[in-house]
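Pasting a structure here, questions to come.
Letters are used for the chains, namely A, B, C and D, taken in the order the chains are written, and counting of residues starts over at 1 for each.
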């Protein structure tokens, strides 16, 4: 019987290696699998590359992981939000590397990775500092930048509902990067608010089909704060 | 010979933009003055607002006590969803943006150049942790890009320039500029003044503008 | 008030010009907007390029449109199915041009068009006759083909439910190419089984957000046959 | 010296494939003999079948009178959906295929070459309206590609060849071949025989195979 449910944070995160690229879902404080993200501290993996839209806020979740020095590099569109003081301190001290990526290019690079597309052209960033050193091409009179797929060794996502096959739904703006990252992770680990029986999720409304999911941990933590 | 004019306030600037948006348009509003546009769309006019984090049909801020903690916009503010709204993931959201499906994006800016170049994401890449968000995607992707900003900086330097001095967000992307002094269209012939506030004359407007302006 | 509902086939199809590229949803007999497709005959547009997975079946829908000679070129992955005799006859007689495209590349080329991506690399077709003349590139030791976006002047899709904003859901395997084409058409015209009030479709379960849709015609024809 | 052996029937070939699929795999089955695999997965073993037209969790054919006219598979046959199944659109479906998310694809073929090249979509591009469907995407995309086919053509020509004579579906894609005579792994060293039917010896198998085989 296929059963992707795991019973502990340790089980959910087992096998993540030093130097891994970790895709971390969420946008602002909504849709972040903070229990799993903070679980990486106990887990012990070092030298991580983290892909996330923001650099965390306050001292929880991703911000906490940064604070304890486990992240070598952040690939990110908007590290500077209210409360992202930990990242800013590390960055100014030269203790973390930053690859700044336009938000849509970030999403599309992961979508490409999930879809077997190694590279694609986009107009985003053409003629800007963020395209420096990248291949460009004129197509029908417009300049496009060639962007590379961005796969994750691990994706850490938050869902609203999950079943034992790993089918997922999300809640409201908690969807954000989570389905994109779930599909782009070689190992996809889910923190879900609700664990439901197989068949409870209408086949028409599954957002992430279980094929993209490896492990599901039930964490009914309630509403996001911050 | 000092002229008698009162520059528009930020809500007034946003109101001008709101008046110009027709019913049925799909619109993304950047942070800052653009965010103020949503509240000033005339009653009964259906404009559908998009938020980068996967929302179409974004509605106004919730009443106190009626906040849905799961529902925020790209500026991380709590919002509401209008009847008919929908949720989708980030790749689909930016496919809408990049694929030219938004009728309009309204952004703030540090500078706009006479060819429509826009600089709005960084004053320098060196001095602090830079952040770009969705600005570059929005600037190249929407059918129209309008900028709304103060005509000059606080210390009186022009923001409408021959060539941007700040790092670019996108090349030749802006189609219209709303400032506290004027409305200016970016055309193949150059910057054409579509309107000025009462009491301001063209010479004075040009005086506050680095790039050359064309009379309407 | 935004109201994308139209009252007739003629209104739904108005403005489609000779020589247009028309994306036609459906897979097999399921999810094909046959009333709109056949409406193109009355409408009169000629010299069309049609993009569809199949070449129609029997003498209805797309097969009928082919039969009356309105289609100059078919871009298709699988024109040869049981009952596709009209296409085969035209093709053997040299009266229709065929661009054969692998099914996934067909879907992805339209998805790229909808997403502002003019071209992307894929391994599909590398080293085969279908990649002849196309640019290729070695990336990490594997050969990829550069494929171009495939936009439509018009997309003709079938939905299960629609509202006045053009939000759509689909039914079962009737989903297929329909959402992909809805997003890739400059003008997207929908034939829907059910017209519902705004708000009746749960925001979490909208498959095609109304931004991709221009016109919706209510055609409660029942179940697909064939 | 004629040998005593009985080539496998098509259901037997499919049964061999079904036996080799572990629980939990995501599998796409091509038309022809591969389609027969689904019915022979041992009871209690959960294998999730994918169909190109946007289905995961494809179940067996419906009982007569219980047909859902909206639910067909890539071969346009009426099917059922298992509890836990899901629907998605074609671009997402082929993202699953192309992105390496399927553990296995099983296809029929006209020919397989010793380097794993597969030809299964056309005997000639010239003579009739060609059709490719999803074969090229499946062949390059799945983690493993197994071919199941008769060992020789009806007129006795070998299908396992040094180099395909028919138009290729994909280069160096096949990892294992199931025929009515043997199971053969495509390895960096060449074609390694993993099993033969009772009564057949290696020399006779080689005799019916153009490419060179390696004894297990």
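Here, a residue touches a chain if its C-beta (ideal position, glycine included) is under 8 Å from a C-beta of that chain, and two chains touch if they have at least 3 such contacts.
As the structure is a computational prediction, the values presented were derived from the model and not from experiment.
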(request) List every chain that touches both subunit B and subunit D. (result) A, C
(message) Between B-C and C-D, which chain pair shares more contacting C-beta pairs?
(response) C-D
(request) Mind checking the centre-to-centre distance between subunit B and subunit C? Centres are C-alpha means, answer in whole Å. (result) 35
(request) Could you put a whole-Å number on the gap between the CA centroids of subunit A and subunit C? (result) 33
(message) Please tell me the distance, in whole Å, between the geometric centres of subunit A and subunit B computed from their C-alpha atoms.
(response) 29
(request) Would you pick out the residues of subunit C that each touch at least 2 other chains? (result) 108, 111, 115-117, 122-123, 170-172, 204
(message) Quick check on subunit B: which residues sit in contact with 2+ other chains?
(response) 81, 87-88, 94-95, 97-98, 140-141
(request) Could you draw the chains as nodes, link the ones that touch, and say if you get a line, ring, star, complete or other? (result) other
(request) Just spell out which pairs of chains touch, all of them. (result) A-B, A-C, A-D, B-C, C-D
(request) Spell out the part of subunit A that touches subunit C in their complex, as residue ranges. (result) 108, 112, 115-123, 139-140, 142, 144, 169-172, 202, 204-205
(message) Per the contact definition, I'd like the list of subunit B residues that touch subunit C in the complex.
(response) 23-24, 26, 44, 46, 48, 50, 56-57, 81, 83-88, 94-102, 140-141
(message) Per the contact definition, I'd like the list of subunit C residues that touch subunit B in the complex.
(response) 1-2, 111, 113-117, 163-165, 167, 183, 198-199, 201, 203-204, 206, 209-212
(request) State the interface residues of subunit A toward subunit B in the complex, per the touch definition above. (result) 27-30, 53, 55, 77-82, 84, 87-88, 91-92, 98, 100-105, 107-108, 110-111, 122-130, 143, 170-180, 207, 223-225
(message) Which residues of subunit D touch subunit C once you look at their complex with the stated criterion?
(response) 51-55, 68-74, 76, 81, 87-91, 93-95, 97-98, 125, 128-137, 140-141, 167-171
